[in-house]
Every structure is written in C-alpha cells, then in structure tokens.
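Note that subunit A is present in both complexes that follow, paired respectively with subunit B and with subunit C.
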Partner chain A sequence: MKTQDTSFFTIPFGPCHPSSGHFHAVLTLDGEQIVNVEPDPGFLHRGFEKLMEYRTYLQNAPLVDRICILDPFAAELGYVNASEQVLGIDVPERGRFIRVIMAELGRILSHTTWIGVTAMVLGQDSGRNIAFGDRESIIRINEIVTGGRIYPCFFIPGGVRRDLPDEFPALISELFKRIEKNLEQYDYLIFNNDTFRLRLEDVGLLNAENAIDYGATGPNLRASGVKADVRRDDPYEVYEQLDFDIITQEKGDALARFMCRRMEMEESMKIVLDALDKIPDGDFKNKKFRPTSKAGETETYFCLESARGEQCYHMVADGTDKPYRVKVRGPSFSHTLVEFPKCARNATIADIPAIYWSLDPCPADVDR
Partner chain B sequence: MKTMTSSFFEPLKLLKNLFKKPMTLIFPMESLPPLEYYRGRQLLDPEKCVGCGMCSKVCPNDAIKMVEYGEKKCPEIHMGKCCFCGLCAENCPTKALEMTGDIFIAGYDKTFAVYDPEKLSHRE
Partner chain C sequence: MYEKLDEKITDGFEVEVSLIGKYRTYQVDSEVITEIASTLKNEGFNHLSDVTVVDYLKQGEFEVIYHLWSYGKKQRVIVKTRLSREDPVIKTLTPLWTSAHMHERENHEMFGVVFDGHTQLTPLLLEDWEGMPPLKKDFDSRQFVLDTFYGGERE
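So, the complex of A and B:
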C-alpha cells in the first residue's frame, strides 16, 4: 500500500531479523494494528531447480538436503522416490523402513528446532536452551547413523547408503527417554504457561475453509480441523504397515498449531518405535543403481508429508543420466506468501512473531 | 500433561542446576570428538589409487581434479568446494579414498584449501 497518509507507517520485517529467519515482509501499520503485509521472498534464492538439471541422479542427493536445512530427510526422501520412479529401481524392504525411521527422526528434529526458535522469539530463553539441547542429541544420532550432522546425505536412489548400527535401538530409547522428559518441561515452560497461552489464543485465526483455500498443508491444515495427511491419504514407503494417529485440533488459532506440532512429536516417536519392531532383515540398498544409471523418457510426480506439510517433486526425465526438469513444491511457500499475510492482517505488531512462527515456515524452502 | 503450579518454593528447584554438569563444551580447549563414520576431510592411499577418476566423476561440486602424481594420476581436492558428502570415498573401486574425522582444515589463504595428492595422503 503506497500512500502519503501519515496515519500509516511501514516497517520491514526481516530479512535480517532474529525472528524472521531471512524472510522479508513489509508491514503497513495503523498505530499498533497491521493493515497490510507484503511478503517479499528471494533473499535465500539459490536456484535448486536449475542446479538439479546439471547433476546426475546420484549427485542431486547431497544437493536436495540444502532445500530445507531444518528438515533435510524429507527433502531427500521425496527426491529419491521421484528419481526411483523415473529410473525404474526397486528398493529393498529394509531400506524403506530405515528411510521411514530417519524421516520421522527428521520430523522430531525439525519440531524441536521450531520449539526452540518459537520460545526464543516469544521471550522464553530457557525453552530455547532445552530445545536446542534436544536437537543436539538428535543430531548426534544423525552423525552416528549417516556420518553428517546437519546434512545427512543418507538416502540415495535404490535405498540408503549405510545400514543402521547395532546399537541404534539403544540409542533411540535413550533419546526418547530424554525427549519425553523434556516434553514435560516444554509443557511447563511453554505449552501450559499462562503467559504463552494468552499470547497465542485467538491469534492468527485460520478456519478450515480458508486453510484449504490458501493452500495450507501439514500441521497448519490439521490445526484447523481438517484430517489430511499424505502418510495416510496416499501412503508412500511403508507407512501403511505402521500404526499412528493423525493429530488434529479444532480451533485453527496459533495455539492450536502449537499443540498440533507438540503432539506430533509424540506420534513420530510412536512411529519410530513401531518401525523398529517391524523392520525386516536383508539388504538395505539395491545394487542395480550405479552412479551413471540412465532414466527412461518419462515423468513422475511424488509428494510426501514433511514436517511442515506437503513436499512434492515433479520430475521429467529425457533418457540421460540427468533429470531434464525438476519442480519442487515446498510446503513453506504458501505458508509465508499466502497464509501469513492473511493471518497477520488486523493483528497487532506484537503478535507478528507468534503468528509467523505458529505457521513454522522455512525461508530456505520458500526461496529455494 | 503437567500443569503450571504456583508454589512459593518452586524457584528453589533451580538450585539443583548448580550441581549438574555443564551441557556445553568450551570450544578451543575441548571439542566434541568426531565419530567413526564422520565425514571430515578425505585421506588418500596413493598406493591403492589406480587413477581411474571415478571420484572426480561422481563429485557433485567438481571439487576433485585428477593430477599427475609420480607415474599415475591421483585426485587433488579443493576443500573450499567440497561438501563432504562422501560420494568419492563410497564410489572408489579400490577404497583408496576414505573420509576421516579431521575437521580442522581452516586456513588463512585459498591455496591452503587445495589438497594435492601429497598433502591428501598425510593424516593431519
């Protein structure tokens, strides 16, 4: 909104703002109230879709990790599934189970980071410290299993790069004991804290109809009462063999989105334990896949449930060892560009961090 | 779920933190040891290397160049370009390359980042 009227005041939110995470939006204010939010993405643009056209199917696996730094396993999982479909490669059952286990750990990793950042931007530093401690212990398991801390580069077309170590179940039970103990701490410090709840209740309302119209997916959609989850609606990998519930909330405000994510952490832990019980022995990798494997002339569309919502890959292959075109649909794109301005309108300026982080966007995923 | 209690003695619970171990490490003095499979810088065994160039072909970032070393070709790795994915070590047919836990590879100029076969074959 361009105006000379002195009753309006514009201030930038980001890209170098502690609570924006490199996302830029221009807020127009009337006093304390927000009149308009103009999102301006592009600060983190790295051109992944073009870069992927110059790399082979194997070389793209380390690249897609970087799409969303906080949830690398989901980005990898979508990419390898799409490329397996164009390459025509099967994956052994054990490989699929290992992928699901690591993808669910990735979801917990992403949600703990989100708890930490949210606690920080809303002024609760103890919550931040505990959450980042949890994140560190999950990262340590990443390091043991995959060899990388932040960028695992673990899934490749045809399976996974390494089998789970023998001590993995023990590590997981130790980790979950820690997270369960800390979830009580989070409840005490954040989710049941009156100061927090007052800041979040009836803030950034998004009803079910609007959430669908605005392209919301994942926890943001489920918090509005819509029972939609790709893991259940269109099962990929081995999710149809696993027991889990889909967490939904009714109200669709910031608090509902918070609670949805908090309960999803428990659900993810349930999935990991269930998958560890059912994991079969055998190969974890299809040896048919070579670094120079060529795809057929075909195209595919694959979507999965990442920590933030639906992550989709549209891949076109032209018969060479490199994809002809890859389109990535990141969940955060609609969260920041559509839902955030709609939710933030008519809120006060102090509610902006609460609304923004209740949507849990990843600016790296928006710009790609 | 536990609810928030408002006891007068609640803040005294914080005192028990005085007897706990610190959660962080003070970096230059002590650091977290890298684990077995950690992907740090590569280590080359020039005797095993047959100079096939597979590592430079699979490298996603074009960080590896094959250079003359003695009578054959061996990899030279630019650590500034390397993303430590470990595909070179994994796809090496003779396992001449391996990933080590060496992460302290920072230097003061760009030439420090180029690891020729000689430098690459020495630990530290």
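So, the complex of A and C:
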C-alpha cells in the first residue's frame, strides 16, 4: 500500500507576509528544521530594462528611482553616471558633491528603514516606531531639497536639478543630533539587547569564501571579514577626497551583519559632514545637457556602492536619444536568490525573519 | 596594470582586447568561454558580478557579457562573447561561481539563451509566460500592450 510521506511538508513564505516584502519562497520543513528553500521572485517585476529602451536619457532618470524604493538615490546616481559617459557630458564639482551628500543621506534612510522593519519582525515595536520617526525626518529633508519625498528624481545627466538650499547645513546638524540620540536608543533596545543578540548570534553563518562565491556584496560581505567597498576600491564621484572608514566584522552571522549596518550609519554621517565642509562654490549642473541630447555609438559600465552593496549599470548606446540596452545589477538579486536559501538551510523556522532581514533584501531590486 | 593579465589571456586563445569605460574587456570565442573564465578565476577574479545579454538584431547576434571583479587585485574585467540568434547556446559557468546560477536563469528567461549544463533553466521572474522572451529586440511591446489590455486595437 502506498502511503503519503509525511516527514516533510512545505509552507509558503510571502508574498503577503509582513516580514517578506513582496518576495515568495517555498520552505520545505522537517518538523521545525528547514530542509530546502526554493525562491520564487517576480511579484514586483515591472520590466524596467525594457521600458528604458523606449524612453530618452532624461525620461529614464525618474524611472530608475523605482528600482529600489528604499534607496532611490543610489539607483539614480548609477544611471546618471552611466548616461553621462555615453553622452560625453562633464559634471561640475559642486554637482558631484551634492550627489554624494544626497546618496549618503539615502544610505542612512535605507538603514533606518531596515532597523525599523527588523525590529518589527523580531518583535520590538518600540524600535520600529523610533526608526520610522527617523526615516520621516530624513524624508522631510528630501522634500525640502528635491521636492519629492520617497522618489526624489533629483539627479539628471550633467548634475542635479537644483542647488542645496541655504538652510541645508542647519537641517543636517539638527537631523544628525536626532539620529545620534536615537542610535543610543537602538543600542539599548536592539543591538545591545540580550534577547535580540540571542536570536542573532550564530544564525545564518556565512564565511568569506562562500560569501564571495554566492555573489554577496556590501555590508553582507563586509560582515564576513572581507574589506571591500566600491567607494574605496574603485572610487567614483568625489569619494577619493572624503574621509571615512570601511566597517568590517569577523564572524559572518546575522549579528555581524546587523552591527555592520549600524556602524555604517555613523560613517555615512561622517561623509556628509566632511562633504559639506569641502563643497566648492560654482555651478551645480552642466547646461550642455538637453532633453534631446544624443549619445555616441558606445557602451559603458558603471559600478557604485549602494546601501545594500554593489549596484552596476551596463549601458549600450546606438547614437540616438534613447539607450539601446540598459542592464541593472542590483545587489539584492544575489542576496535574496542565492544567499538567503543557502543561509536558511538547516536553520529552524523561527530563525527565518532574523536571517532574511540580516541580509536586508529589497524585492523590488530583485525583480526590477 | 593589465599587461600581465593580457599576456595570460591572449596566450593560446584568440582574444580581442579593448576597454569599456575604464575597464579591460576581452572579446572571446564562445567555444572557449569555460577555459577563459577558469583562467581568470585562477588569476584571482573571484566575484562574478553580473551576466548580461545584449540583442544585436541587425547583426543577428546575441552578445553575452560577464562582469568579473577581483577582491585581491581590486580590478574589474569584462568578458564578451557573441552567439548566433538562431541557435544561442553557451556553456554554463555554474561550476565556477554559484552566483552564476540565478543570473543565467534570468537571461534564459529574458532572451532565450541556452546555458548548456545548467540544471534549472525554469521561469524566474515572469508569470505564465508563453510568448517570445520579452527583452529580445523583435518583441513588440506596443503590440503586446494592445493585445493584452485593449483587445487588439485602440484609436
């Protein structure tokens, strides 16, 4: 007689789970233990790479914001740099500084949101409330500077849309005072909290060799002890002139990845203040760029360090005012589809939120 | 800075050496992609950052592009190879890099390029898709929208 094998069973994780984002994975379980994770992305696939072939270089700039909702400045920064290279347009120094300042604010914005969501899924609602309060104060500065709250549409080929307002340094010092105060709160509630640390220590271990093999970049790689950062190794914009440290951790577990991001927020604040000190006067955009500007018949590749890791653009131009092909390499693609299943194997089901959010995935970035 | 690497790669293989942006680019034959990739991996290019396909409709060719980064040397290298559009088959690089698995799966779905030896060339991002791979240049987005959302015609 044929009996059904009841030792394994499958349950879905997402796509409408509060802690999954719009990501779906099928978990195969043996009791409490995870035997296999089969990722099934695509719930946020909007076909940006195809859409970009139908739009001009300027029309694409607001489009790339939507690639990763939580980190729009990084996506814009990569896109405008790649298009400047095919269009042959220079950027004034002041424009580059403004871009770096906003990109680093974007990194803090992304990390605060991550603290909030992580605190929520691990059962610490006060942490969520404080972090989303911080996020709101950064979003307000976004609105004052760019006019947009979530999607700034601020960087354009040739520079930025407008200059920083006069009150910007005062806004920044007020914001950083608030964040520094709240970082102590986060330490108390989350990062130095024993209940939290017990859930994170030795969970989702990833050694350096495997991390590289799985395509990990950014904080996820640095948490495994690899000192790598595109801002230092392959500098772009004005990062060469700015002073900051690369944060690394040794252990490669969920806690290491948590601590990496937490300390990176302080480094980003350092970069913003340093850039505000060094920012030169002058033009903030190159007026040579026109909405109808045509590119040469060329191709280019540009890489940058977003909040989640290496974000790259491969752009092929065919001499018209629209790109022939744009490929976006989002850091979350490998993190969610390769690392998450590998880290989650043999963990227990209660560890899933800790592992998933220690990798800080962005499903919108996976699907594009 | 790339001279030693150029020597290693051009030795024994037919390679066209150029630059994309500031990065070294090797145009190679698709038959020897595994050999080139493993030579580069032995040279320390341990991070496969991305696999990209570009559809050159006029030439009737696909271009498969591999982006490699070396954490030791802090260098980036781009490897390109051309395939015919009629029969786009290339060896998989999954034995060398685990991360190649998902990149190749995505490119198979979006362009129809077959990665020989890949264990799971199943749909990844698209849902119930039966038509032509959508990122190919002869896929007509406008007609697709008309057929799908407007019943075939719209004023």
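Criterion: the second predicted complex is superposed on the first by the 364 of 368 C-alpha atoms of A that agree within 3 Å, B and C clash if a C-alpha of one lies under 4 Å from a C-alpha of the other, contacts with A are read in each partner's own complex, and residues count from 1 in each chain.
The rule is simple: contacts are C-beta pairs under 8 Å (C-beta built on N, C-alpha and C of every residue); 3 or more make two chains touch, one makes a residue touch a chain.
Bear in mind that the values here come from a model prediction, so they are computed numbers and not experimental data.
When both complexes are overlaid on chain A, the residue A:228 reaches subunit C alone and has no touch with subunit B.
Within the superposed three-chain model, A:144 lies in touch with subunit B and out of touch with subunit C [touch as defined at top].
After overlaying the two complexes on the shared chain, residue contacts for A:193 are found with subunit B alone; subunit C is out of touch.
Set against each other, subunit B and subunit C differ in how many residues of subunit A they touch, and the higher count belongs to C. By the touch criterion defined above, A:17 reaches neither subunit B nor subunit C. With both structures placed on the common chain, the touch criterion links A:270 to neither subunit B nor subunit C. Applying the stated contact rule after C-alpha superposition, one finds that A:251 touches neither subunit B nor subunit C.
In the superposition on chain A, contact of A:322 is made with neither subunit B nor subunit C. In the superposition on chain A, no residue of subunit A contacts both subunit B and subunit C.
Subunit A makes touch with subunit C in their complex at residues 41-42, 45, 47, 49-50, 54, 85, 212-215, 217, 226, 228, 233-234, 299-303, 310, 312, 314, 316, 324-325, 327, 329, 333-334, 337-338, 342, 367. Partner subunit B is touched in their complex by these residues of subunit A: 55-56, 58-63, 129, 133, 143-144, 146-148, 151, 153, 161-162, 184, 187-188, 191-194, 291. Within the complex formed with subunit A, the subunit B residues making contact are 1-4, 23, 34-39, 54, 57-60, 83-87, 90-91, 99. Residue ranges of subunit C in contact with subunit A, taken from their complex: 20-21, 23, 46-50, 52, 54-55, 65, 67, 69, 71, 74, 76, 78, 97-99, 101-103, 110, 124-127, 134-135, 139, 141.
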